[in-house]
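As structure tokens, here come the structures.
Same chain, two partners: chain A is paired with chain B first, then with chain C.
What follows is the complex of A and B.
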């Protein structure tokens, strides 16, 4: 199994070779060859053409993640702790889960304009729910025996939350964050599709109009890499935390 | 007045199913008492009432003349499962009761290390609970219960999940530490030999009442050989008969 990464890499090379070969028989407008896409990508990065778009999308995603996850986490804790709030809000949470959030993008553009705000809002909204749900579940399902221990030790409600419920629920909360991170990129890009002049999503729409397929592919690669980096960061944190739950060091 | 006095205590779940019925009990300072009974006889409930984790419907529980209404820092509690926090290291787990009260000082850390040393886990401070065996986890739980220097210790079948040899080692460790710190103990178990080996007094509970009480006349410190003496075994037999209702 140690050689698996090598095999994965070999598969990638094989796919690229097939792609290159197939692309040779088709118009560049339909399927550009990997070599062409690669050159476009490098050119774009070197000339700084991509830079403003990357910065724009990255700030939308990061701001959206920050606001969405923070509010999801805080409201999740409140709903997990206060039964009244949970019962009051639960039907609305279920209802809002059913609304396709991305379908609200045109509305947000109407409300918040074509600038960054509308994309941050939509991204935040998309990130909010997975984290809210995982936090509520994590806070509620902490071990009864451990809660009894904290009662025996005379811990206050706040101490029980900080020292028991949140750390005990961390694996679940981090799993929610992992989902949020991936959705955040989708949220920002879809927001940019609908109304924006800058950002990687806007660039994809522009390349479609310009019929510049290699540039479109290059942008897609950038988005994929960006999403992967975010995902890997969260996974790294998760691994570091969950290490304590494993038997071996 | 005893150190811990339980007077006419009655308890029922949600006011319906009676669990305990007019229990009376007293423990003198420094004594080791065991409550023995089948599962479901109400012994854990009685322990939780005594520790202040539950409130009785009727009757009083007094600790050194003060009524017990909530858990006191003077009491330690060891649960059925080690109940350690998996995300904290062993030493952080031992220090938890103090962490919840105030900032940890260097003396606290030294005391925790000393306690870990006493339970034979001196070099395990930086490990995480899941890296330890079941017996080691139980030892950490005991160290945690002792960090606040309690004068009274409640234990709820702490060794039930351990193998026989480990259990005997832990019983000896427990007796040694309780003797060293002059701790009064109320211990719950369903293991007859364990009750006899540990206690000064053994009580048997059945259907929410204390049905039998006997002193254990064995010298201290207890040794492994005592487990095979005639007196020890006869006492075990008597208790066994009471438990199955053959003795009156």
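What follows is the complex of A and C.
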């Protein structure tokens, strides 16, 4: 099992070699070789061609994450704590999530304009639900014995929430955040597909018209790396939290 | 206190970021400037470099116009954006104009951007498609079923007595030369710039049927709503003057435009490609009519012919009278 990372790396190398070989028999328009994609990526990064697009998409993702997760977390706590609110709002929230966001994108652009706002709103909506769902579950499923102990010690409802329910539910909430960060990248890119002049999503559309398939792959790599970095940051934070929390227990 | 500062920081970050594209340019001169928003049919691409470089060249600023260009995904989008009040002028194709007029929208055509029809049908030499009649029974790719490529293909078929039923039209997306090279389609309906780019990407020997040889309808025009036409005459006049100046600049300085496209156009990565695309669009901007009456001159009879063909093809239901829609009011040169 210790050798798994090596096997995983070998598999990647093998796949890249096969890809390079197959690409040699096809037009670059149909399937560019990994070496060509790599050169395009390096060239684009070195010349600064990708920079404004990366900044734009990263800003949309981070702002969308911030607003989506913050509202998901706050509403999640309220719904987890107040049964009446949960029963009242949940059917509507589930229904709102069942609507495909891509279909709503043109409308969001009409409502929120061609700037960043419409993309931030789409991203926030995409991130909102996983965090809400995980927060509600985390708040509701905190340890009954500990809750009773808090009650016996005379803790208020707010104190129980802050010192017991939220810290204890953090692993669940962070799992929701992990899903949200990956979805945030998808949300921003989908938003940029329509009505955007800048951003990695807009660049993907432009590369199709430019018939520049290597550039499209290079953009996809950037998006993948960005999503993975966000995911790893949350995972790292999750590990740190769990370590600290377990120590406290 | 800490929470309050955090909240203020977040709010500030949001306001700054969301305003990034809308660009709050704070020069005082701006207050006296008249604003015009152009709804483009596409993202900011190389072929429209003259519209994108005002920051650098100031064609519109000089006329007192504060120009904003918003992106779109097709000519229909551009029209929707002027109808919804998001923009004043639509950079759109005649097909989208006919569809909107057919729906009863009140619109005005104020400038002929590309009087030349830039659409074509391209096939590999080995497929032996040399004339439109050879398309019978063949599979032909189009960008999308609502795009100009399909509409122009239908016009071509109609001109030689064929209909949509005589061929197999498939939607291939905007990378539509790949299926042609792979042999998944026998021919593809495209544009001159698309053909140039595909040749750069290794498209072999091809036969090209130019639609302009059958109906040389304009490829793109500037369209406004009747309301904008009535309320913003002064701004529109200045806008057209500035656009004309920008188009003339792009024709006389294609190299400079190609270089600026690297910075201002989303697809302007390679300067040599930009130059060829710009040259193609420069060629499409002139016609016998523009030689006589200046850039932007509108040939009403060709636009009418296009509308009549659309009606015969069943693409529009009503008989459209283009003479009521076209105005050359803003094209008159200042004394």
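Annotations
Just so we're on the same page, the second predicted complex is superposed on the first by the 242 of 249 C-alpha atoms of A that agree within 3 Å, B and C clash if a C-alpha of one lies under 4 Å from a C-alpha of the other, contacts with A are read in each partner's own complex, and residues count from 1 in each chain.
The rule we apply is simple: contacts are C-beta pairs under 8 Å (C-beta built on N, C-alpha and C of every residue); 3 or more make two chains touch, one makes a residue touch a chain.
These figures come from a predicted structure and were not determined experimentally.
Once the two complexes are overlaid on the shared chain, A:94 sits clear of chain B and of chain C alike. Greater residue coverage of chain A by touch, when chain B is weighed against chain C, goes to C. Once the two complexes are laid over each other on the shared chain, residue contacts for A:244 go to chain B alone; chain C is not touched. In the superposition on chain A, A:151 makes contact with chain B only, while chain C stays out of contact range.
Contacts of A:196 after superposition: chain C is touched, whereas chain B is not reached.
When the shared chain is aligned, no partner comes close enough to touch A:103: not chain B, not chain C. Within the superposed three-chain model, A:66 lies in touch with chain C and out of touch with chain B [touch as defined at top]. Of the two partner chains, chain B is the only one touched by A:167; chain C is not.
Across the two superposed structures, the residue set of chain A contacted by chain B and also by chain C is empty. Per the touch definition, chain A reaches chain C in the complex via residues 27-30, 49, 56, 59, 63, 66-67, 110, 113-117, 120, 194-198, 202-203, 205-213, 215. By the touch criterion stated above, chain C contacts chain A in their complex at residues 10, 13-14, 17-22, 42-45, 69-73, 77, 84, 86, 173-175, 177-178, 181-182, 194, 197-198, 200-202, 266-267, 269. Contacts from chain A toward chain B in the complex involve residues 143, 145-146, 148-155, 159, 163-164, 167-168, 170, 241, 244-249. Of all residues in chain B, those touching chain A in their complex are 51, 53, 70-73, 75, 77, 79-81, 83, 85-88, 96-97, 99-101, 127-128, 130-131.
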